[in-house]
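Next come the structures, one after another.
Shared between the two complexes below is subunit A, which has subunit B as its partner in the first and subunit C in the second.
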Partner chain A sequence: MELLQLTINGVALGAAYALVALGFVLILNATGAVNFAQGDLVAAGGFLAVALAGLAPVPGILLLPLVAVLMAGVGLAVSAIAYWPLRDRPPVSVFISTIALGIIIQNGLNGLFGAEPRSAPPLFSGGYVEFFGLVVPHQSLAIMSIAALLVGGVHVLLTRTQLGRMLRATAQDREIAAALGVPVGAMVALTFSLAAALAGVAGLLLANQFFITPTHGTDFIVKAYIAVVIGGWGRVGGALAGAMLVALFETVVAAWADYAVATGLLYATMLAILVLRPQGLFGEAGGRRA
Partner chain B sequence: MKPGNVIPAISALASLALFCGAAFAVVPSYPVLVPLTGFLSLEGTSQRNGAVMALEEDKSVAYGVYDTGTSPEVAVNAMERVAHEVHTAAIIGPILGTQMLAMLPLAAEYQIPLVTISGTAKLTEMGNPWIFRFFPGDAVTKVAHARYVVEELGRKRPAILYQTTAYGQSGRGHLETTFRSLGAVPAYQEGLDVSVKDMTPALSKAMAAKPDVLVLHMHSGPTALLIRQARTQGIDLPIVAGSAMHQPTTAGLLEPAELKDVCAETGSSPISGGSPEMERFTAEYRANFGSDPDAFALAQYDATRMLLVARHTGQVGGAPLRDWLASTEFKGLAMTYQSDGKGNMAHDAVIVCYDGKTRLPHIAKRYEGVDLGN
Partner chain C sequence: MTVRNRVRAWLGRDINPLLLAGAIGLAAWPFLAGDAYSLRLLTMAGIYALAAIGYQFIFGHAGALSLAQGAFFGFGAYVAGIMSVRMGAGFEVTFPAAMAGSAVLAALVALPALRLRSHYFALATLGFGQVVLLIAVNWENVTGGANGIPNVPVLSLFGGTVGRGWPMLMLVWSLVAIGALVARRLTGGLTGAALILMREQPMAAEAAGIDIRRIRFAAFLLSALYGGAAGALHVHTVRVVSPEVLEFPVMVMLLAIAVIGGRTSVAGAVVGAVLLIHLPEWFRPLERYYLMAYGAVLLAMIVAAPWGLMGSLRHARRRWLPEPDPPLPAAGPTQAGPSPARLEIMGLTRHFGGVRAVDGIDLVVEPGESVGIVGANGSGKTTVLNMIAGTDRPDSGHIGWAGTEIVGLPPYRINRAGIARSFQTLKLVDEMTVLDNVAAAAWREFGRTDRDSARAAAMGLLQQLDVAQTAWRPCGALPPGLRRRVEIARALIGGPALLLLDEPAAGLTAAERDSLARTLAALNADGTTVVVVEHDLAFLERFVARIVCFDQGRIIADGAPAAVRADPGVIAAWLGQPPGEGDDHG
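== the complex of A and B ==
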């Protein structure tokens, strides 16, 4: 029973990490560059939810669309500042510029909201359900549901729509896509918007369950990076599987060993995968690593 | 006097007058070097607010606020900058121990007293006479923490959950030593990284060891997370937490019901009141900064006030100010401060508890002169 409880907790945590990793992978595929500000965009989404809840104290589910839309706008700004001016430079330039942008976001949040941990409103209510001795907070159920909906939605967008085909064409080969008439610049900007919207949603969900501070983004990006390396560089499905694995190490394995050992085992697993299967569990979507 | 000597004499007198005028116009400066960004910015902001409140009340001194971030290099650069200003009387140093350790040699070199609320034990164990610590260290607070658990709650099987940071490990060491000296062997101990989100595994293992109390020594957010997750899991053991729990922002993350049977150690609890002076401080702090003061803000306020009292008694820097700080007893709002000969000025701690109905803690127990053998 305890194992089941820990697994449920792990899946809920993994669902939130998956949203962070998904946005990370989308930008990676579209630009070939690592967006190290993705974690800070999660923190920004969490603080945006906190600020909106201060203006209109309503359940988080009503704030969710607004947070997503506003963060999509932030994503456009991120692409204009950290990516577009450097688009023809080596990927490491964008890597560095997103680190710088992340630090600016951290300090901006610190200046605007202060350093103290904050809590965003729950999606529906702050209670929990009990069945067969298991305790599952409403927010955990909401996180799993929202993450499943969004991941499914992104999958449908990428595989079943013309827009998705253009996004994938841009990700696979920008020059050929441009030659075929795909508005590559708009597709890249749209990808940044989508990734930031996902980060915003993750921020709202995480800020209630686990609180949020301006420096939390660093934790999230490290988890997302590990998830993507484990799952396969640029693989959406791999990122989801990697996120779940990271979360299960933090819950199930941590219940068997202590946290320090569980963390060590997670990194050992990642190293083993890099040695034995460098392309990750699901293989690489692209050939470049930052 | 020959006429030829008159002009130089007048000139010399005029120069002397100008010099004296300038000397009388000197305004001593008390730079505030604190972490306003990074992982300790919450505590650093409290430090800044407490210091600024005292300096603004006095109005006769100068000060500047410098962000030291989280790296020793930034703190040292800031100190180099202010130390070369001739009017620097004393420096209000950061709460971050690694920064203070890097600044200590400079304090001795430039002969400028460093006043801080950093809890790092080593700061006052290095034989540097220029450091003065106004917040009780682990040797005070953790002893009070463990004594309250054993002597007041009557618990003998504590489960200790702590942070894996230097702060967490230092506190855990003092807790374990004190518990053992009181005949209470910890039933379980585990260190948690600050990035851990789900603490259910640690709680499950702790509960399997059948403890009779949960003892926490963690930072603000993780403390609130653990308490929430413990209550969600139906764990109704008393929880006695570290000083992070006393911070109003930590309590603000939890529902009042989740705080039932939760206590915390701290140097003081301004929002709990206790005297008209304390209530005035809390009201003015709220008016100035729009937030509730915590023990860090009050300790830094007291420390800065002691510097200002020294200034009004003629001690405006260097060895005279150092010696005055080392030898003078000062009655602050939180407690009475006096150096133990190593620069440790604070020797009292309090335990605050929540009643489960509000987020306002009440003082459950005072421990005075803990490291002085009381």
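== the complex of A and C ==
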């Protein structure tokens, strides 16, 4: 029973991580570059929710679309500042430029909000439901449903719409896509804003149950990366499964051993996967990494 | 020999007067400032400079974005701090222990991580750093946990103490000087050129006999040695062991120093460290936003000046104060290569998905032969070449060279066995001179520092290929025809017994084709076996005695040029048009 309870908590956490990892994978596919600021965008989304809630004390669900839209704008800025000028350089340049951008975001948040942990309002209410002895907070249910909606929405966008086809064409081969008339620059910018919106929403969702501090960003990016290593690059489903696994390590394994041991085991798992199955547990869409 | 010449010979390059002036200025600084706080800041700058010089080995020279340098630095600090607090060990023990400890750690990480590419490597090393931090925080009995261990004693060396202020400053900067000289020696001369080739054109470097994995491994170990050394100095300067040294900001600091100062220049690491350590002082009016400004500087540098301050300085100097090219070096001999041998290919196949690119090829090339391989696009010519050279692996079949199986050997081993190649799409370093593009490929033959002999050998080949006049020009400035010849010169510098050329005449004018055909005929007459993939039959007929025609991964004709040209199968599958007008694209 305790295991089931922990699993439910883990799935809620994993749902939020999945949004972060999804944004990470979308950018990686579209540009071949790592957006290291993705974790700091999560923190930014969380603090944005905190600030908005301070202005108008409404439930999180009303803040959510606003946070998503504002963060999408931030994503555009990220692509314009840290990606576009470096688009023809080796991908490692973008890695470094987004590290720099992450420092700017992190310390900007620290200057504005201070280093204290803050909490955003719950999506609906702070209550919980009980069935068969399991305690499930409303927030956990809300996180799972919102994340499922968003991941499903992104999946439909990518597979069923013309825009999605253009996005995927850009991810597959930028030069060919451009030759076929796909506005590649706009597609990359759109990918960045989508990824930032997903990160922002994840920040809002996480900032209620788990609090948020400006330095949390590094944690999030490392977790997104581990999720993607485990799940396999370039696959939405892989990133999702990886995110769930990371979250289950943090809840179930951490309860069974302790947090440090669980984290150590998680890294060991990641390294083992890198060595033994570099394409990830669920395979890789394209490209080589070793 | 004057002192200057001696230093020059040891370093393998000249001393820059500007750098000398900078070093003297830096040395004068503490005398002018003088207060305890400035001394401490400069000591810190030296410590970070040492760690950054080390970081340049892997990040700058090997071109791999490692995010583990902070972990090596912190690990060194923990090793030295714990040993000196708990065992009372002196610096003469803790310093080598910290270096060795970090190097052992690096060897362990290298095992899974070093073969990963670009950002996968970066994130794997980041993850490793997080594990080290996690252990430091949680292994309380040994590390003191989150609080660390206070009261690390003042540095003691062979029983005497090295106090704060001036003594520590002198010790740190002496070690920086030693570290800088060693780094310049290790990366100077011909090695510098080889490192650029390996970074910019890894496939070409492997094809020139350079073992990239080994060099990357060495660079990673060196970076850890320097990181550990700097960490040991750090712990005696801050006098406390704390998890802070393992946290991400330390890594970011080292990365920023290398990016802002310059990725491959020792002076850049020193300049970057001095600047970045003092940045908080200068940004003090920004109060708690100063770290934002630090991020902004890093971002601005990576966008506007990716090669850092030293790189920009070098570019500016080349632009505004161009120096006349030195006289062309005299031509010298290439080193004798392996003796001629027989190439035997049996039952070679290679499938890409459902496509049978190579579908059972048997081919024997006798020593001293010259063979042309022709066929339609996609008939498997380049794939066979790639499999001989080791850049691709067959699904089945054998390739024998001098009686031994070479399938499965890495490209650099195949090159060392006497097989050299050129690439269909040129793989030259555009920013490097023609001369050094060729000389770099002789790195293994001529050793680390004998750049002059390697350049002389390169010069001889450039003359042979009629491109000697361009020796000092950057490759990127040459027209494609000349660049093809530079690539052939590079393939020849190891004195190969077998030369594989992939469409060497593509993009060449008629006159250039004539001259290339003459050169290849002369090479062949000197005993080099030549195998050339080409579309231009008329070009091939000028120097090959035998032509092999591929179609859909199989050999459909093999014999004298006239016979192959008249073969009905060849006409149906490939020619179908008047010979000699084959297209130039593969």
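To be clear about the criterion, the second predicted complex is superposed on the first by the 286 of 290 C-alpha atoms of A that agree within 3 Å, B and C clash if a C-alpha of one lies under 4 Å from a C-alpha of the other, contacts with A are read in each partner's own complex, and residues count from 1 in each chain.
As a working rule, a contact is a pair of C-beta atoms (placed from the backbone, for glycine too) under 8 Å apart; a residue touches a chain by one contact, two chains touch by 3 or more.
Quick caveat: nothing in here was measured; it's all calculated off a predicted structure.
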Subunit C versus subunit B on the shared subunit A, clash or fit after superposition: clash
First, second, both or neither for A:274, with subunit B first and subunit C second: second
Partner chain(s) touched by A:2 [first = subunit B, second = subunit C, both, neither]: first
Subunit B versus subunit C as contact partner of A:135, first or second or both or neither: first
Touched partner set for A:263, first subunit B, second subunit C, both or neither: both
Touched partner set for A:107, first subunit B, second subunit C, both or neither: both
Contacts of A:93 with subunit B and subunit C, given as first, second, both or neither: second
Touching partner for A:81 - first (subunit B), second (subunit C), both, neither: second
A:116 touches, of subunit B and subunit C: first, second, both or neither? first
When the two complexes are fitted on chain A, the stretch of subunit B hitting subunit C, from 76-84, 238-246 or 256-264: 76-84
Touching both subunit C and subunit B, counted on subunit A across the two superposed complexes: 106-107, 110, 222, 260, 263
In the complex with subunit B, residue positions of subunit A that touch it: 2, 5-6, 9-10, 13, 106-107, 110, 114-119, 126, 128, 135, 137, 206, 209-211, 213-215, 219, 222, 247, 250-252, 254-255, 258-260, 262-263
Residue numbers on subunit B that touch subunit A, as the complex places them: 36-39, 41-42, 44-45, 164, 190-193, 195-198, 200-202, 204-205, 220-221, 224-225, 232-234, 247, 249-250, 253, 255, 291
Residue ranges of subunit A in contact with subunit C within the complex: 33-34, 81-82, 85-86, 89-93, 95-97, 99-104, 106-108, 110-111, 218, 222, 225-226, 229, 260, 263-264, 267, 270-271, 274-275, 278, 288-290
Subunit A contact footprint on subunit C (complex, rising order): 65, 111-113, 115-120, 122-124, 126-128, 130-131, 134-135, 137-138, 248, 252, 255-256, 259, 288-289, 291-292, 294-296, 298-299, 302-303, 306
